[in-house]
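First up is the structure itself, then whatever we jot down about it.
In order of appearance the chains are A, B, C and D, and numbering begins at 1 in each one.
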Amino acid sequence: MDKVFPSVEEAVKDIPDGATVGFTGFFTCGNPVYLTRALAKQGSKNLTIVVMQLGVGNDEINLLLENGQVKKAICNYPFYRSFSRQSLFEQLMKAGKVECELFPMGTFAEKLRAAGAGIPAFYTPTGAGTLLAEGKEARTFNGRECLMETALPLDYGLVHAWKADRMGNVVFRKTARNYNPDVAKAARITIVEAENVVEPGELDPDLIHLPSVYVTRVVKVDRPKINVTIEKS
Amino acid sequence: MDKVFPSVEEAVKDIPDGATVGFTGFFTCGNPVYLTRALAKQGSKNLTIVVMQLGVGNDEINLLLENGQVKKAICNYPFYRSFSRQSLFEQLMKAGKVECELFPMGTFAEKLRAAGAGIPAFYTPTGAGTLLAEGKEARTFNGRECLMETALPLDYGLVHAWKADRMGNVVFRKTARNYNPDVAKAARITIVEAENVVEPGELDPDLIHLPSVYVTRVVKVDRPKINVTIEKS
Amino acid sequence: MVKKLEGVARELIALRIANEIPDGSYANLGIGIPTLVSNWIEGRDVVLEAEVGMLNTGPLAFDEAIDQDLINASCQPVTELPGCSYFSSSESFAMIRGGRMDYAVLGALQVAENGDYAGWNVPSANRGKLGNVGGSMDLAVGARNLFIAMEHYTTSGEPKILKRCTYPITARGVVKKIFTNLAVIDVTPEGLVLREVAAGLTAENVQSVTEAKLIISKDLKEMAL
Amino acid sequence: MVKKLEGVARELIALRIANEIPDGSYANLGIGIPTLVSNWIEGRDVVLEAEVGMLNTGPLAFDEAIDQDLINASCQPVTELPGCSYFSSSESFAMIRGGRMDYAVLGALQVAENGDYAGWNVPSANRGKLGNVGGSMDLAVGARNLFIAMEHYTTSGEPKILKRCTYPITARGVVKKIFTNLAVIDVTPEGLVLREVAAGLTAENVQSVTEAKLIISKDLKEMAL
């Protein structure tokens, strides 16, 4: 199997209007920057984006918002920390141009994990009794109130990797791993941009973070140059 | 932190009567053979054992059964494949001396994973409409009937590792990984027998299968000599 | 019972199934005839998964090639293929239940015309509600295409392809195709469609050892080997 | 409001908390004063977790030591300590929700005498039902011991330790101890117990800027720094 695509443009070409697309990355770290830029260029509309933050330390997500490609965002950290600073998302949200659904970070990750694992729903104590419990079923286990949360399946998952082999086995680097395995497993079509692409057999089979079965396409990219800060203007 | 214990005997000394103890291993592969022998010697009774199989390719589990230490077994593959061949467990079960609770292999693994992940219950399509659905809540998601399954927390988890550092970071080898991470995470007290014990910093932090937070005790053991077959007499 | 119908050997049932699995697929093979499928897949671009926690499992290992830390789900020593990977049991079944197996090939005791099948519990074994369920129920509900590989009837001549299963089922309505020593049968919303018969057999021969009613395909063929 | 009470500096609130975390612990530190706790823990046998997916996070990295693939949960470049490990987000929160953090230290906008606390949504920010919830709700329900670190009252002099929270809560009944510039307070089934006051302050001083009723501990002490 050779899952290597010639370019990020080719790899994202078929993402249709209305798709639910997941993006990896934690603030500045581990974002699929090349694939996201290619998606901004490609221009599909009415997207539901699933991503930790909404432009906070992630200029590529802002490109999608600027282009008006985003109908809805599902996230856990939508704003700048400062109340006085409005992100593009915050402006669009307040103007009624983008919807937003918020989940606690652990629930967000677990919803992706559930989608990848064929688990349609699970219970978690997180969020019980809070604003984020509204409209959710509550149920008590071992004396503790929990909420039922459902799986969050993705049509496409965009992933940034350190190394991938041509079959789609993937290794991440340090904290750039973060949501990468979860987004990859939750997606029907998983597209991996990798800083290094090697032949099958070159990666140690004991030390693969994401097995090939979860990966649909692999594209070689350069190592991005990242400014590690979320408060830059 | 130095979690190294001087011997397997010391490491299992406090397992009390009535404890729920999980054992790793898939047939002959990845079993905590030394810790299980030490538990057989230590002699605590009325144990609930949680393990894939019940003596099929695993002589150490048979030691516990022989000693009458087991009150109940939770497993997914209790018998020899042949109907004409009775394991010790099968004899004890038919004599009413050991209870048994059976789960599909994936549900069994997911129940352990849920216990480790603070998820009290989840839904799975596995087993719906079968004998194993009896007494379980059913609920339909996306047109598919699912069963609610609950977490399976362990008091103790016995784990066999390839390498561990003194802090408790662990690496497994090939298919001997199997239930090891799941049992380790489900347990309140996790005891790791490791073929190699190294200093913190010697294992690549990107390539650790079980982070130290899940490990309570580490013991150095020799590499066991295993006869890879489940049909030996 | 009619006189015994031989049909094709187990190895050829396995070959017929291998022909049905396209290159580029991920597949899981159960115990028995399904295991034989791997012999015909060797060298092809199909990745086999083992429930124990491995992708791209290679052929069986013998003698000094045996590694006690490297087995398949039937506890046989196996080898690695380039691009293989290892993972935990929960991850193995996340993958299976999550629909990442394009094909699962499993044995069965009985298959019904509604796509139910039974394979984990034989009442005569006197093991009550217990049995070696293993990963069969997870594979049955998780695989995108579930193929059953089995002898067409029991050694005592009882049919195994039934109107309804009488043994405890493994899963409901999941079987896509049935491959036996006598025939290839599709499970469809309309019922069981007989697609192929072993050389020298007629549709009537196959129906005579099948309890469920078979719909004869308009382009009924000899088994494609 | 009474006249302003200074109490101890933020760094000393952090020191007081560090003294409360025993060697051999696993802990997660939130943004703000909690982050300062790490300065006092440096060199001690306490393992810090970062939600982004790391255990045994080291001090902040500067200049050429910065690695763009190595940040903490506040998006600051950090370093590795021996015995550190990396894992995915779902694994990070499995660990947190699963009760593996002995201590979590978080900031708060309000804490109530029933152990509720509010920290993720400020109504005046005009962000509706949205807010930077991040991992706070998971840490709040998952940590074995949840410590709140904050200034005792707001910059405009409003009390933050209340009978009931008026802001949207992060979690119910989870706070174990409150550490402020003025006091150390235990949250108990009987109510809030004032254990320590900053040097130069009396219990009455602290009560005067606290809405909830404080039970004065029999062995009330000066803050142990």
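Going forward, contacts are C-beta pairs under 8 Å (C-beta built on N, C-alpha and C of every residue); 3 or more make two chains touch, one makes a residue touch a chain.
Source: prediction; values computed, not measured.
Least step count on the touch graph, chain A to chain B: 1.
Averaging C-alpha coordinates per chain places the centre of chain C 56 Å away from that of chain D. In this assembly, the C-alpha centroid of chain A lies 29 Å from the C-alpha centroid of chain D.
Inter-chain centre distance (chain B to chain D, centres taken as mean C-alpha positions): 36 Å.
Residue numbers of chain D whose C-beta contacts span two or more other chains: 86-87, 93-94, 96-97, 142.
Multi-chain contact residues, meaning those touching two or more other chains, occur in chain B at positions 110, 113, 117-119, 124-125, 172-174, 177, 205-206. Pairwise chain contacts in this structure: A-B, A-C, A-D, B-C, B-D.
Residues 24, 26, 45, 47, 49, 55-56, 80, 82-87, 91, 93-100, 142 of chain C are the ones that touch chain A when the two sit in their complex. Residues 26-30, 57, 76-79, 81, 83, 90, 93-94, 100, 102-107, 109-110, 112-113, 124-132, 134, 162, 172-182, 209, 224-226, 228-230 of chain A touch chain D in their complex. Chain A meets chain C in the complex at residues 1, 113, 115-119, 165-167, 169, 185, 199-201, 205-206, 208, 211-214. Those residues of chain C whose C-beta lies close enough to touch chain B in the complex are 31, 50-54, 66-73, 75-77, 86-90, 92-94, 96-97, 121-122, 124-127, 129-138, 141-142, 168-172.
Contact residues on chain A toward chain B in their complex (touch as defined above): 110, 114, 117-125, 141-142, 144, 146, 150, 171-174, 177, 204-207.
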